[in-house]
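Consider the two complexes below, in which subunit A is the common component and subunit B and subunit C are the respective partners.
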Partner chain A sequence: MPGREFSMCRLSLPATCLLLLTLAGCAKNPEAQFGWRDSTEQLIPDARKAVQKTMVDTFGTPQDLVAWGRLPVEYGGQPPGVAPAETPEEPADVTTSAEPFGHQMQLGRLVYMKNCLHCHGVAGDGNGPTARYLNPRPRDYRLGVFKFTSTLAPERVTRDDLHRVVKYGIPGTYMPSFLLLGDAETRAVVEYVRWLAMRGEMEKRIDDELADYSLASIDDEISKAKNAYEAAKAAGESAETPPSRSALVKKASEEFKTYLAEDYPEAVDGTADFIAENWARAEDEASVVFPKVARVADDAASRERGRLLYLSDKAKCYTCHGHTGRGNGPATEDFWPKPGSTEKYANRGLHDVWGNKLAPRNLRLGQYRGGRRPLDVFRRIHAGIKGTPMPAFGGTVLKDEDIWDIVNYVMSLPYEPEVPTAGQPPSQVAASSRH
Partner chain B sequence: MMRLTSHVALVLLPILALAACGCGGGAGAETTVTYLPSRPDEVATAEAAPGAAAPSAGEAIAGGFGSIKGRVLFQGDAPSLPPIYEKGAAPKDPAVCGIEAAPNETIVSNNGGLANVFIYLPKAPKGMGEVPAPEPIVFDQRSCVFRPHALVMRTGQTVKVLNDDAVAHNTHTYPKRNSPFNQTVAPSDREGIALTYGRPETLPLQVGCDIHPWMVAYHLPVDHPFAAVSAADGTFEIKDLPAGKHDFKVWHEKGGELNKALAVTVKAGETVEIEIPVAAGQLAGFQGPTPKVIQLSSTR
Partner chain C sequence: MGRFWAVFFMVFAAACVGLCLVAPQYGWWFPGDGKAHTTLGQKIDDLFYLILVIVTVTFIGTQIALGYVLWRGATHDPREKALFSHGSHTLEVIWTIVPSGILLFIALYQMDVWAHYRIKTYFPQKLEPVAEVTARQFEWRIRYPARGKKLMPTPQPDDIYTVNDVRVPTGHPVAISLRTEDVQHSFFVPALRVKQDAVPGLVIPVWWEMTDTGTYDLTCAELCGWGHYKMKAQVVAMPEADFEAWKSQTAAEQFYDGVPQAAAEVAQRPADE
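Presenting the complex of A and B:
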């Protein structure tokens, strides 16, 4: 059958090519990596290596994860060599204890790599391949800050908050609902995201501890020395020539040796404890905002009280959200100071801690990013929105009844005609006092 | 023909299978999870802890105590910065903020002295032990200006954030080592909201108000009593330092770290007098782009 052999030959050639191509393509597929923060890359080499070693020792790599017992993360299963906690009241959970240690983390990583990575990035830096096309940007977890929480102003996000975000998404953003993930998958990915946030926070906070050993600090020293030298020269005095960068890096490296031996372990330890305590405390019931009174009846009187509070000098909601709630308040037209510098942001308008320009929410869309239950809006007003200029009003400025009035007013806005009040100076709008 | 197709399938199937599993990305890749105990030397630290009990204040310091009196000198022509806005011309809440002109406090110089300079030990001296935090201090807001502009506090010390204005302020801190604080302070709140820092900061941190963009102040929490802010004429005093050599940090909002380690030797029972010269050029180097305050309409 020469004809058939021939045809097989003809077929196998492109097939071989395809096989070769496939193999070649696969070989180049890079391994996932936790990229370093710019602030880590900007440290002098010795300091950078120390931070990177600490991070790999305590958190590992995407392939070889390290489950650090210090952190309040449920890795799943009993850690090797650790006796199970004795809970005589509750019978041992047979299904979980049978699983190998770290199974929840493995599952979380898998779910994350499949669904989250392309926006949020391998390290949770909010800079995955798709991120550059998105506005608003995906969350960068590495500050340990999440906007939509149920917790009090100084507290971090809870598992339940993240669970809700994964389940229902964030309306008005690119964050979709992952309602179709199983419950175990959702729980696992929430745990993995918390772990990534703690990892990022750890790196950032250690970098902050080492600020004296950063190239930025050295450049600052050089520019100061240069200024002093030029000033002295202009005054006709003799002055030391400014030191070279390499000399200063060498000097800083020498100083870092002492720091590494004497202070660094304590700095790492203190940072880890701070992070662990804060994340653990968020799960306490006392950290969650619960209104002390039931929702005030959503009637015309309540909405009117809410409207007057909204426009009052007490709450000043209109400065950002606008007189009619369109999110176009006067604050959006100002230049705001950039924290940690003497400069202002180049663009008008408010910014968040991630450095993104941030529009105050348009309250007439009926779209509530942190959840559309009245309780969610109550919590936004009570505790503020973390990482943003939205401050906490609860406890001191506004009583819970006042907050409910504002909730009733704000949630009525999408369905009410816009009453122009912009021309009316807010100081002339008398705030209603309940008591 | 059927057999030919099956042959093709036979050749192609493994390739496709290879492609599918090999190029599936990092998601399915083999991972390991290694357990790292909370503290590697848990037993060792537990044993060491009782022996390392902190000595009470001053117990471990044998050489006695001395003080520092100093002055930060501004070298060069003191700039007379115009106020951020004149009396009555506040860009927001003019009826309240405009009661007084808002001074530009970025560089305050009087009689050759430089104000609002932080002089502090970056770390508590060894053997100091715990010194209890002093009484609460006040951080006020009057006619839309933070008062004082620069404030040192101890970790654990209560800072009472007050408001003397008829409008709300929201006091927003941007710390590096502590958790941020972003709380609205009610108009004319003289009780105040308590703000405490749990951990010391390495550099002063900025405080702002998200209602009035010009409001800026600086806080420095430290875990020891050896920190001061220079007064309007540049003078400062740090009392009861353990005798010996100390390295102070000197920081100003326009100049950043003016000195990372200013060495001062304190002798027991004596007061050292020092002068810290700051050249105008050291502060000029940090002027960012000229900020604009634009009044858009009178209703704000």
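Presenting the complex of A and C:
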């Protein structure tokens, strides 16, 4: 009997191994994860952990979404009970409506994972597996900035704007039309994208609050101290040796402990309020751009006025879009500084806030990324294009009538022959034709 | 053992025929409701069914012959001497001429449908295209002339644009100009039996005549890149009057300037469209 038991034990080990080997291929795919911003990864460990905990508590993970009641997001259905500040995504099985709370987000996530993820990435960072092959790059939602909106320059994007983009795509880019997606699916995915954008914005803004606790700022401090030390040594004075990195990280960690206890909750609260307010305000009617006057009659006189404005120092359209509208203005030949610094981009030409090189639109293609309705083009000029060097002209620089003249001129460009004198005011044209 | 194989091959053949007979009831047949919704599509289906009948008769005949030979071989007296035959000239002539005749018949008979599509009644260039359909990675962009105008080869200021939504009138043959902006695509509407490759650099006319109104799937049938599967669109066939009204409405939406007084009837929120 003992001998038999022994042989069974001896057999069980290889048998188990064999069993495990056969199961190796059955492993589930690695779970989707919301990746962290570089700025989060760059924080000192304690700060990073605090940010990551906040993000997981308030937004959850792709498998376990959290419906944070503070955000202006329609999660779908009624939140269970009296909605507290934080509502778990999956409530106990009691629900008031037919659909469980959060069903819209669940559907949105599903649609997003099927159709959007491979370009826009799990966290909406515009860095999915196919993103690297695309030019222009897919949108990184995490700044909370979207280019083609109907809202005033400082406002966020509206649901309707995102709905339009999903439905009709963006011509001239790789964003295709999802016209046949179905209304519930489109609404759900729009809500999910808004939520991802808020999530990304939240992470970025908290990181910005914690900039003092980033490794970059510590490195900065070290290099400053080093320079001071070198200078002092060169001058023959005695100086403190520059502190080591680990010592500074330790010091920052100590400081962060008090910050975490005293100021951090307030910082998170303030950021959440700020984001919630901004995203809610975008849906206000007052945030949406509507012209005060109807489109000026699209005649030769209006187009001529538009052309002169296009070339004027008031609007300066030609500096980027070129004298004949080909998108090759002199600004595309310059080196431009990076936002918030004096350092310049390595390449000539304009860049957007995501750091991608950006060609001013060639207005002669008849391709309108933000939509081809006169209203859409009006909004582009009135409120600018968010995240790009295209400024907002509405209200201050140009009157609505002026904008309509430019719209009429710009929309006529694809059908007009490109004459070499188009870039000059009429007086010069007359003068040159006399020669 | 010989008898087993004889029975096996007969059962197999019978199962094949049976499966084909029940397939339409399970929806394993033509897409949609199984009917072609264009005049030419119905003729193409007729050709398909004709060939199906010829093939079925041939299949059943040859299977029965095979079964007979197998069964005879399995049941003959093993002491019986095998019969040696060098061949039969008559037989060889028969089985050469009969299939040749059938193939020749199919080749000649189908020419009428082909000619009808490419040459005869509505040779596409005699038809004014209702729209220009441009395939691109990964969607279909469609350009219509303004109401009452002809489609021009280049875009016009009053053209009407849609994406993934091809609208055509019923009641008369319609043509589209098929283009591609990038790589090769294929305009495939299974329910209409219409399939045409879109080739870079070419403008290819495609025509059909709807037999009824309805919404039909349009897909890309040429692997065009990683987003090939996303090129789902629809072909909507509507009565002439509805088509014109739709054009007017779409044009009004497209030229909407945001001032509701000027265009009250189209002042819709995009989400409600």
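Here, the second predicted complex is superposed on the first by the 379 of 435 C-alpha atoms of A that agree within 3 Å, B and C clash if a C-alpha of one lies under 4 Å from a C-alpha of the other, contacts with A are read in each partner's own complex, and residues count from 1 in each chain.
Note that contacts are C-beta pairs under 8 Å (C-beta built on N, C-alpha and C of every residue); 3 or more make two chains touch, one makes a residue touch a chain.
Just so you know, these numbers come straight off a predicted model, no measurement behind them.
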Record, for the superposition on subunit A, whether partners subunit B and subunit C clash or fit. fit
Touch test for A:Thr319: subunit B only (first), subunit C only (second), both, or neither? first
Please determine whether it is subunit B or subunit C that touches the greater number of subunit A residues. B
Does the superposition put A:Tyr174 against subunit B (first), subunit C (second), both, or neither? second
Can A:Met113 be said to touch subunit B (first), subunit C (second), both, or neither? first
If we overlay the two complexes on their shared chain A, which of subunit B and subunit C does A:Glu333 touch? Say first, second, both or neither. first
Give one of first, second, both or neither to describe whether A:Gly384 is in contact with subunit B, with subunit C, with both, or with none. first
A:Pro242 contacts which: subunit B (first), subunit C (second), both, neither? neither
Between subunit B (first) and subunit C (second), which, if any, makes contact with A:Pro374: first, second, both or neither? second
Which partner does A:Ala32 reach: the first (subunit B), the second (subunit C), both, or neither? first
Can you report the least C-alpha distance between subunit B and subunit C in the superposed arrangement, rounded to whole Å? 6
Let me check the overlay on chain A: which residues of subunit A are in contact with subunit B and also with subunit C? none
Touching residues (chain side subunit A, partner subunit C) in the complex: 115, 118, 130, 133, 159-160, 163-164, 167-169, 171, 174, 176-180, 187, 289-291, 293-295, 366, 372-375, 378-379, 404, 411-412, 414-415
Under the definition above, what is the set of subunit B residues touching subunit A in their complex? 4, 7-8, 11-12, 15, 18-19, 22-23, 25-39, 91-93, 95-96, 106, 166-168, 170, 172, 174, 176-177, 179-187, 189, 193, 199, 202-203, 205-206, 208, 210-211, 213, 216, 253-258, 260, 279-282, 284-289, 291-294, 296, 298-300
Within their complex, subunit C touches subunit A through residues 137-139, 141, 155-157, 161, 163-165, 226-227, 230-234, 253-259, 261-262, 269-271, 273
How about subunit A: which of its residues touch subunit B in the complex? 4, 7-8, 11-12, 15, 18-19, 22-23, 25-26, 29, 31-32, 57-58, 60, 62-70, 75, 79-82, 101-102, 105-106, 109-110, 113-114, 117, 122, 153-154, 205, 208-209, 211-212, 217, 220-221, 223-224, 227-228, 230-231, 270, 274, 278, 313-316, 319-320, 330-331, 333-337, 339-344, 346, 350, 353, 384, 386, 389-393, 396-398, 422-427
